[in-house]
Amino acid sequence: MSAGIQYQSISKTVHGKKLFEINNISVKEHDCIALCGCNGAGKSTLLRIMAGLEIPDSMTVTFDGNKLSWKKARKYLQNQVIYLHQQPYLFDRSVTDNIAYGLRQRKLPIQEISRKVSEAMEWAGISHLQMRNARELSGGERQRVAFARARILSPRLLLLDEPMTNMDSHGREQTQGMIKMLKDDGVSILLATHEYHTVAHLCNERMFLEDGILNKEKISPESDARKIIPYG
Amino acid sequence: MSAGIQYQSISKTVHGKKLFEINNISVKEHDCIALCGCNGAGKSTLLRIMAGLEIPDSMTVTFDGNKLSWKKARKYLQNQVIYLHQQPYLFDRSVTDNIAYGLRQRKLPIQEISRKVSEAMEWAGISHLQMRNARELSGGERQRVAFARARILSPRLLLLDEPMTNMDSHGREQTQGMIKMLKDDGVSILLATHEYHTVAHLCNERMFLEDGILNKEKISPESDARKIIPYG
Amino acid sequence: DQSQVIRMATTTSTENSGLFAVIKPVIEQKLEIRLHVIAVGTGKALELGRRGDVDVVLVHAKPAEQSFVDAGYGVARHEIMYNDFIIVGPGDDPAGVKGLRDAEQAFTNIAENQALFVSRGDDSGTHKKELSIWEQTGNKPDGSWYRQVGQGMGKTLQIAGEMQAYTLVDRGTWLAYRENTPLKLLVTDGADLRNPYGIIAVSPERFPDTQYEAAEHLINWFKSESAHTLIAGYRINGEQLFYPTN
Amino acid sequence: MDSLSSATAESFRLLFSGDVELWIIIFTSFSVSVRAILIAAPIAFVVAFLMAHLRYPGRRAMIAGFSALQSIPAVVIGLTVYLVFSRSGPLGDLKLLFTHTSMIIGQILLSFPLLVALSHSAFQAADRRVWETSVTLGAKPYRAFFTLIHEIRFGLIAAFIAGFGRIIAEVGCSMMAGGNILGYTRNIPTAIALETTKGEFAQAIALGIVLLAMALILNGLLAFFQGRGVMSS
Amino acid sequence: MDSLSSATAESFRLLFSGDVELWIIIFTSFSVSVRAILIAAPIAFVVAFLMAHLRYPGRRAMIAGFSALQSIPAVVIGLTVYLVFSRSGPLGDLKLLFTHTSMIIGQILLSFPLLVALSHSAFQAADRRVWETSVTLGAKPYRAFFTLIHEIRFGLIAAFIAGFGRIIAEVGCSMMAGGNILGYTRNIPTAIALETTKGEFAQAIALGIVLLAMALILNGLLAFFQGRGVMSS
């Protein structure tokens, strides 16, 4: 029994149509799982449910040995799991304030917050933007801010919805490096992506969401992980 | 003198800082130009200026042999050039109404509109969404709707801001096919992208926006166009 | 300050005449109370009394006051002063009432000529007076020449001025307004134009926590010599407005 | 408690007795206020749109000005209309005082700052991609304006309803500019004010209930036409 | 024209004569209305937020209800407050009639539907990612609520100003619940109404100008604190 999270029997109906019905998703420490599937397959919806942001038709969650209904797990999920929107929303504040947001909610001492924030900004390559209002940023700059804002909280499970969207090649490399770092820190990562080839080398599992069914495929670190599968 | 458009001495300052200063951009019929550059380089801003949506510090536009100031060219640009936002905005209406929007502005006969719209939806693989409200769509579905909405108008110049973002592999292929078709129809295309390798085979020119300077590189159809340059 | 508060409901016209600005400080000092004057329409003033929200009412609508007392809401009606009504109208006087000393005759002329007449139409003392005069003439006012505006005296006078119409007005309001209106004073001194003011303490039997004692003091003060001097001495543009009743 | 419930009962009795005079009053109220808001709202929306989209000196002062103008009491506006249209006023010759026209003018003035301030905040909050998208898809400015209106319709409808509520319920301006003439310019609020000065509280509340009922019907219709919106994301 | 300009001139003279009575009236106005709006607005914002975020039966009827309640004339609300606090009313024993408290209660009731309807439209228009983002970043619901408030502050401030404008300018409720007692419950609008019935138009306009000036100052302060917003995209 690790610090992982198990989701059981997740199902969701949208507009009277069953979007998906999934028996089990189990995320362990150090896991990095890619979630693939075509447009409208339900990837974002699934991630949002897993983060406790959307109401599923049914779901139970097991963590630390406790089995909870979705309703009871919701608060825990909202606290321990971070979902990064496909099109991230930045608050109408400075970049610094955006990144510090989560730490402020956790009532950390000010010095620690500012230290962590500058670290994260340095890391994401956005130190030059710190006093800018987040609403004025370019598409890629926004994505970086959103990523830094989530990373800084070291969540138990990080759900990334197409994290490399809008990022330039440098940003993509950075993101990959960071996913690796987070993985090593024990954070579990689940990322929805249409560009599996760019993250294949990081992932130990790949899931396909297709026609409401989730298929899983374990990946051994040495085998096909480096094989480029054209735009997943 | 073809049906192309020339832009001269485009410059733009943001927050007191010069974003770019460009001597000349010339787009000819059948052109497909890739615009590369890192996050915050000013790609989106440039495209928006070229579409007549944002005010440049200076710019002149030449088309059909007329040389106009930006102010005078604005109306023309807004009519003949279509800009597709990096994160497209869909109107709070049905998918059909979104796609028909531009044709309705042009006061086309109703039958023709509906014929063109179903054609475009078929093409974009979104026929099953037609009566849905556009606001409920998934990220990739939105992107497809926005693309279909622009394509249907057969503009003189189409400015695409990361058109393949959020699209699944099928959508990416479709987009590429469509760009090719538009090119063949004589539409000029300029697309900003961080994934040059996916569009390299379509492009006859590549531009880099770096430190406010635009560098151009012609690409001969046979040479390096198929070589994969890792993520633009 | 801590002094006892007496609430008096009175008509807007009384307050608007400016009389209270003169007598209120004197009352407050003499009786060591604070007087809160709530100036509203006659009907509402009596209703405030009926509901026990004021300690004393001062209005001018004799029949209504009498039934107020008869129904047990008030202790007794004390007539403390009077002034008079007048009839005003356009200078060219299409109904030919100028110089009459009889309201009934004037109204008859107006009705026969179908000359524009503006009525307050708000159940106030003035309105009730007007209706009683119409009743005496035997004509029920009706038709487009008779306009009910449902507003206070001042407003009614303004509207009549704008319309070049006749109207019945109390002398106090007339004196305050006559500079600003194109209307002329046409009928005055009729025996049927007297306008008496009554003051009534709200019944302590019905409303035990009413300030009855203080209200009685107030009423007694109004009947005192010094009050009479003050009231009789109050003038607008040199003209006396109210006549104390002995 | 007693008078409260008896007043309410009385009011319902009056409501269904089908009194002609009452219906003229109701008709005046709605005819005047509906016309006023239908004139004021479109102009206010255009002004608010221009304030939100153009950059010119004095823009922020203008916004603050419209905000502050909401605090002018109806009676002051009524007074102004009165002074302008009074016989001795500059436009006295038009003989508009104490007519529906002068009431409408007063109510337009009264609702205008509110409509501008509220719709400005809706235009300001609009995603600027709305405008850009419609323009780049070839919409002429006036069409793009209507598209924008449609996208922010919830905010504009809220502004519209608030503006309508303000004028259908106001008494000071109608009293002053309209004169509360029975059978002509008397509307529900002035009638209520009159019943109140008479001490006829039951009648006053009855009229208030009539007004509320009519407003509910109107709002129901608006809600029906506006449809349901989906939040942007 | 003559009376209009002379009235305005007179009004400016009065403004600067520093009359104590005038200043008590001004103070009453603002003290009552500021307290009323400071009580009403936060509650209204919470109610509007819940209406926008929860899905429960009768929600749409509730929204329509608050919209319609904006059409209730101030005097009807004043009347209701009066009947409740009247000595013969259910809460007569509290002796609150004709006090600042009863005026505040009336003004709270008057501004509440407006505040709810307008802030509901602001909450409704908010991007739902605001709430989701703050919650997923670990904000407790009440903190996420404040974040949301901050993001839509322009709409809420517009609602706040409209609500304040409504009550600072209203006369019917203050008249009925406050009694317009000189030196105590007389505020600017009731004083204006009084001056108007007296035909003292200059005084009335002077008071209107005072009110407008104070409102301008208040709005200027608010504009200063709200800062400039950047449109979302």
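For clarity, chains are labelled A, B, C, D and E in written order, and residue numbers in each chain start from 1.
Everything below uses one rule, namely that contacts are C-beta pairs under 8 Å (C-beta built on N, C-alpha and C of every residue); 3 or more make two chains touch, one makes a residue touch a chain.
As the structure is a prediction and not an experimental result, all values here were calculated from the model.
Trainee: Which neighbours does chain C have in common with chain D?
Mentor: Both-contact set = E.
Trainee: Looking only at C-beta pairs that count as contacts, which pair of chains has more of them, A-E or C-E?
Mentor: A-E
Trainee: Average the CA atoms of each chain to get its centre, and name the chain whose centre is farthest from that of chain B.
Mentor: If we average the C-alpha coordinates per chain, C ends up farthest from chain B.
Trainee: Going by C-alpha centroids, which chain is farthest from chain D? Tell me that one.
Mentor: Computed centres place A farthest from chain D.
Trainee: With centres defined as the mean C-alpha position, give me the chain A-chain C separation in Å.
Mentor: 80
Trainee: As a quick test, compute the distance in whole Å between the mean CA positions of chain C and chain E.
Mentor: Chain centroid spacing, chain C to chain E, equals 35 Å.
Trainee: With chain centres taken as the means of their Cα atoms, state the distance from chain B to chain E in Å.
Mentor: 49
Trainee: With chain centres taken as the means of their Cα atoms, state the distance from chain A to chain B in Å.
Mentor: Here the centre of chain B sits 30 Å away from the centre of chain A.
Trainee: Could you list the positions in chain B whose residues touch two or more of the other chains?
Mentor: Residues 87 of chain B each touch two or more of the other chains.
Trainee: In chain D, what residues contact two or more other chains?
Mentor: 3, 86, 127, 129, 176, 193, 196, 201, 229, 231-233
Trainee: Give me the residues of chain C that touch two or more other chains.
Mentor: 51, 151-152, 155
Trainee: Residues of chain E touching chain C in their complex?
Mentor: It comes out as residues 82, 86-89, 92, 97-98, 179-182, 184, 194, 196-199.
Trainee: Under the definition above, what is the set of chain B residues touching chain A in their complex?
Mentor: Counting only chain B, the residues touching chain A are 15, 37-40, 42-45, 86-87, 132, 137-141, 143-144, 161-162, 165-172, 194, 198, 230-232.
Trainee: Mind listing the chain C positions that touch chain D in their complex?
Mentor: The contact residues of chain C facing chain D are 40-41, 43-48, 50-51, 121-124, 147-152, 155, 159, 161-163, 182.
Trainee: Would you pull the chain B residues touching chain D in the complex into a rising list?
Mentor: Chain B reaches chain D through residues 48, 51-53, 78-79, 81-83, 85, 87-89, 91-93, 101-102, 105-106, 133, 135-136, 149-150, 153.
Trainee: Show which residues of chain E lie in contact with chain A when the two form their complex.
Mentor: Result: residues 127, 129-130, 132-140, 143, 147, 150-151, 229-233 of chain E touch chain A.
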